[in-house]
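To start, the structure itself, in structure tokens.
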Amino acid sequence: MDAPVRIGVVGVGRIGAMHAEIIARKVDGAQLAAVADVHAPLAEAVALQFDVPAMTVEELIASPLVDAVAICTSTDTHTRLIELAAQHGKAIFCEKPISLDLAEVDRALAAVEVAGVPLMVGFNRRFDRAHQSVHDAVVTGEVGDVQLARISSRDPAPPPVEYIKVSGGIFVDMMIHDFDMARYVVGSPVVEVYAKGAVMIDPAIGEAGDVDTASVMLTHANGAVTMIDNSRQAPYGYDQRVEVLGLKGMAASGNPPLHSGITYTADGLRGPVVPNFFLERYADAFVREWDAFVSYVRDGGPSPVSGADGRAPVVLAMAAGESMRTGQPVRVLEI
Amino acid sequence: MDAPVRIGVVGVGRIGAMHAEIIARKVDGAQLAAVADVHAPLAEAVALQFDVPAMTVEELIASPLVDAVAICTSTDTHTRLIELAAQHGKAIFCEKPISLDLAEVDRALAAVEVAGVPLMVGFNRRFDRAHQSVHDAVVTGEVGDVQLARISSRDPAPPPVEYIKVSGGIFVDMMIHDFDMARYVVGSPVVEVYAKGAVMIDPAIGEAGDVDTASVMLTHANGAVTMIDNSRQAPYGYDQRVEVLGLKGMAASGNPPLHSGITYTADGLRGPVVPNFFLERYADAFVREWDAFVSYVRDGGPSPVSGADGRAPVVLAMAAGESMRTGQPVRVLEI
Amino acid sequence: MDAPVRIGVVGVGRIGAMHAEIIARKVDGAQLAAVADVHAPLAEAVALQFDVPAMTVEELIASPLVDAVAICTSTDTHTRLIELAAQHGKAIFCEKPISLDLAEVDRALAAVEVAGVPLMVGFNRRFDRAHQSVHDAVVTGEVGDVQLARISSRDPAPPPVEYIKVSGGIFVDMMIHDFDMARYVVGSPVVEVYAKGAVMIDPAIGEAGDVDTASVMLTHANGAVTMIDNSRQAPYGYDQRVEVLGLKGMAASGNPPLHSGITYTADGLRGPVVPNFFLERYADAFVREWDAFVSYVRDGGPSPVSGADGRAPVVLAMAAGESMRTGQPVRVLEI
Amino acid sequence: MDAPVRIGVVGVGRIGAMHAEIIARKVDGAQLAAVADVHAPLAEAVALQFDVPAMTVEELIASPLVDAVAICTSTDTHTRLIELAAQHGKAIFCEKPISLDLAEVDRALAAVEVAGVPLMVGFNRRFDRAHQSVHDAVVTGEVGDVQLARISSRDPAPPPVEYIKVSGGIFVDMMIHDFDMARYVVGSPVVEVYAKGAVMIDPAIGEAGDVDTASVMLTHANGAVTMIDNSRQAPYGYDQRVEVLGLKGMAASGNPPLHSGITYTADGLRGPVVPNFFLERYADAFVREWDAFVSYVRDGGPSPVSGADGRAPVVLAMAAGESMRTGQPVRVLEI
């Protein structure tokens, strides 16, 4: 049996702490080796919980105890830490988005290439069994070449306005997953973006410079179109659906209900809401994401979510923002 | 192209009139040739509607214009008319049940055998695409040998108590379809019947000598068990489901909703009731039943629903009544 | 009880003959009074079938036996016949689209207004129970103000190329229903159209000057967006879905499966296709459409599908064609 | 805030170790205090994993560090440990079944009553949200008084024959959950049991003295009937469904699919299997079971699953065995 991949988690806020727990407890072949955070007491608390050392960010990245670094810090620090980890020859997992600055993204990806280290970007939804089944139905040819795709992502409730002010906006903080999903399932690069946005849920979101409802049409090189909608609010739960129509059929993922109980009366049928938290919906996907990372680091091969896969959604988010502001479709290089 | 099968309908009450309309308008290769009813004005009205002659029952059965007779009269007249039609060499379609008197059933079936005429009994549910898909999954071996079956039949609302007083009771007027369905889908003869009944919906049904809620366990020769439940009332609609578990899988039929619209809110999901009328649920099955009859009369081969198939559910209904009364399981000869 | 509304059907090709049958047999309060067709033998055959007089088009529209005229002829004759029927004071049912020429539409609607006769346009999908439930969930406020809508319409297989050459193209012959649906369910007028089209199914469709796959984004006055996709081919059946997201919830219509039978094995579950013919999917809707027409003619009130409702989808289809050709979003007056 | 309930787990085989993990990590207000096992190295390994002391069984039950004892040992030791824990005044959680010997059950329950300690029996399925929704629809009156219930429990694959030889047979090791479920959802005590069993999956199960396919009809005091089926093999996954029909409606729980992805082609639709492991299906239910235990210990009130609730299914399992052997229905005192 191989030695486990020893993973250090940098940044142990909500998402980083979740990754640390998954690595520590649920991933065969992985070992949580250390944790770090710019806020030292947070790192210490998580370290205590999992009985691993707390380090400074720089110590962890340089540590001989660490084979791979999971970068779960704030977005503006990602590229610097990627470069640092690459210099130390570490395998790298980086949360999405890599960066909101494409020049920085390119510099980081160049550093990774020079160092020849593995890099995987944390687009967790690719590892959801349902969305993956859509992708697989395309890849195997079961549904044929894709003509149309539809993607809906709707959060149960808006995030705090304070978050929205710094998030980069709906195309970056939310639809970026859907841009990735379109690339994942359609199988033809995107060449044009047309976007619309509106403030319909909360005026405070508009005052913060963002929209709360957004629609995007992506045109692919082969003529296929992906239509994406996002809403910062879905009162019935966390709504995540992907669908492709191909020349031979359709594949679609839906939402798991909170439970399977249904009541039937003279008023019709009645059932439960959809679970309303992404950690719940994607609990299984996060574990499978780490399984994929470990296999990739151990066995090599193409990255499950490469640097180019991390870069493209940022380009599309930028283009969507420009399209929404100008009211015009925006061409992109095939990505 | 073959000449059409000319069908005369005897008895044009609700169900007979429906058959007349289907034959007249929806069945390739069939032609409505004449109608008859002991109530002459009723026959004349239906004859006018479809532009065919009205006859007396005896005239119709003897008529050279008629190739096949559809017997849709009251149950107590079925066997006499079967015998008469057999004597005239007509192909016979007879509504279920053939009779409540097994001796009469046997005499009628003997007459059919002597005459060598085609006979098909009107168990329409065998021609429902969903229930048929359950049968087919057994016949093709897809689900393997059957271990267990479950059948639910629940009417939207009880029939008039006046009907219940003369119907023969729930096992004869309602569960007879399910006894047939058990034989249709399980593929092993029944050897034992255990039945329970209760009056839970309306005391007047009990005063009329019947129950309104009934449960039956059928044991098959191969050890498989079919569990049937009947209720004279299902507030959410006409509920008809069949399910088999076999060594290789399960096949099940469900209920079509009134429509496919669903609403999702913070209170959960909400959908429509089930259609509540058997003519609506089985509209397609009735047409396919006639298609099957026409093919059988034209092309020969085994009857889609033979005399033996018509007899067996009557035996099971009798046994169920006896079991309910005695509280004991009742053995039957393999049927 | 009121006298029945006596309806004459003009044009008894496939769709007109279907309307004639529905009127003759399934609509309480309606009576098929006469039929007409420019191809006289066709009119005579249908007349014989339903035992009504065959007339010339002009005779029928002028006939004192007729209260209402159902215009089911080819699109290019609609406005002339509307004007003629209006002059004769007849109530008018006209198949969609009213015309491909907006000037003609306006002239016909003016004639109707001058005559003060009832007019209803045949957008049958408004009368589908499932789509109507989506509309109702908006109108009652159950799902709140609409932010987003999604509409998919996909035919089982492309029509003959000869039809496509004269149909006016996918936006006119197919998506026109969806333009109507968007107006029906969203509750805010459309102000902008952005359209994409591609030839992905059959090059012969492209050679005929049309596309076979089309996507449209409609922007509504309140900021809501409707995303529509059309494909001339859906191998799994006739796919027709409508969905709205509002501030309080979501409402959606789906596709009825061919039947409800499902098989479960170690390979997963397996179920039937979707019915693949619009007359099958919308059989109930067509009857309810005529019920609505009869109520409207008898009781007055606003038209279930007014002249303005008939005109708007034509405007949107024109705008979609322009957008597809120019690659630019096209503004429309609020409709 | 209250002090946590300190729980010691006795018996840390598969199910005990799972409980230990849940208590340690997922239950607010609970604390894993110690573990014990007759196999000391196993206790030590689990103790190390969760950083708690390993003790002998007797030490743990007597320990002042422990408020409550979770008895997860083999069934034949349950009653002795219940009595011991009661003597030490500990709150008690005991895995099902309490015992296969009713006299021992009664002695243990008497000891609990004398000591006045809380006791809850581990019928985890009561805490599944879907099954609970069925129960709730009865308790709230939404579906009215229950007339009929149906329960299916089917394991993905048979257990080892060695297990079957000592398990007490299908009614005790498997259907005991369904006997509990019938009491949980129907709301009327059971008065009669009729059972059938067959060996259809594996002759080795028959040679071990058990059946692999079983059907039971329970008659309740109010006339309602519950029909239960069990199969030791369901090739499509772990199948667990409960349904009640009442005078006002139906409530039913179904199976969650492995994921929500569906593919639609000309061959129909295709979807995934059902998850095939009970720890997966009931992961959420096990956590909610502990939440209920903690609330019960802290706040008092009736036990969520009382000693009487633990005893009744044992009685029904015995009666089912007798009915199967004798071929006769077996009366039971109202339980």
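Labels A, B, C and D are assigned to the chains in the order they are written; within every chain, residues are numbered from 1.
The rule we apply is simple: a residue touches a chain if its C-beta (ideal position, glycine included) is under 8 Å from a C-beta of that chain, and two chains touch if they have at least 3 such contacts.
Note that the structure is a prediction, hence the values are computed from the model and not measured.
Among the other chains, B has the CA centre that is most remote from the centre of chain A. When the C-beta pairs in contact are tallied for C-D and for A-C, the bigger tally goes to A-C. Work out the mean CA point of chain A and of chain C, and you get 41 Å between them.
With centres defined as mean CA coordinates, chain D is found 56 Å away from chain C. Shown for chain D are the residues in touch with two or more other chains, namely 235-236, 248-250, 264-266, 272. Listed in rising order, the residues of chain B touching chain D in the complex are 145, 147-148, 150, 152, 154, 194, 196, 198-201, 213, 215, 217, 219, 222-225, 227, 229, 231, 233-236, 239, 245, 247-250, 327-329.
Across the interface of their complex, chain C is touched by residues 235-237, 257, 264-274 of chain D.
Residues 51, 128-134, 137, 142-143, 248-256, 258-266, 272 of chain A touch chain D in their complex.
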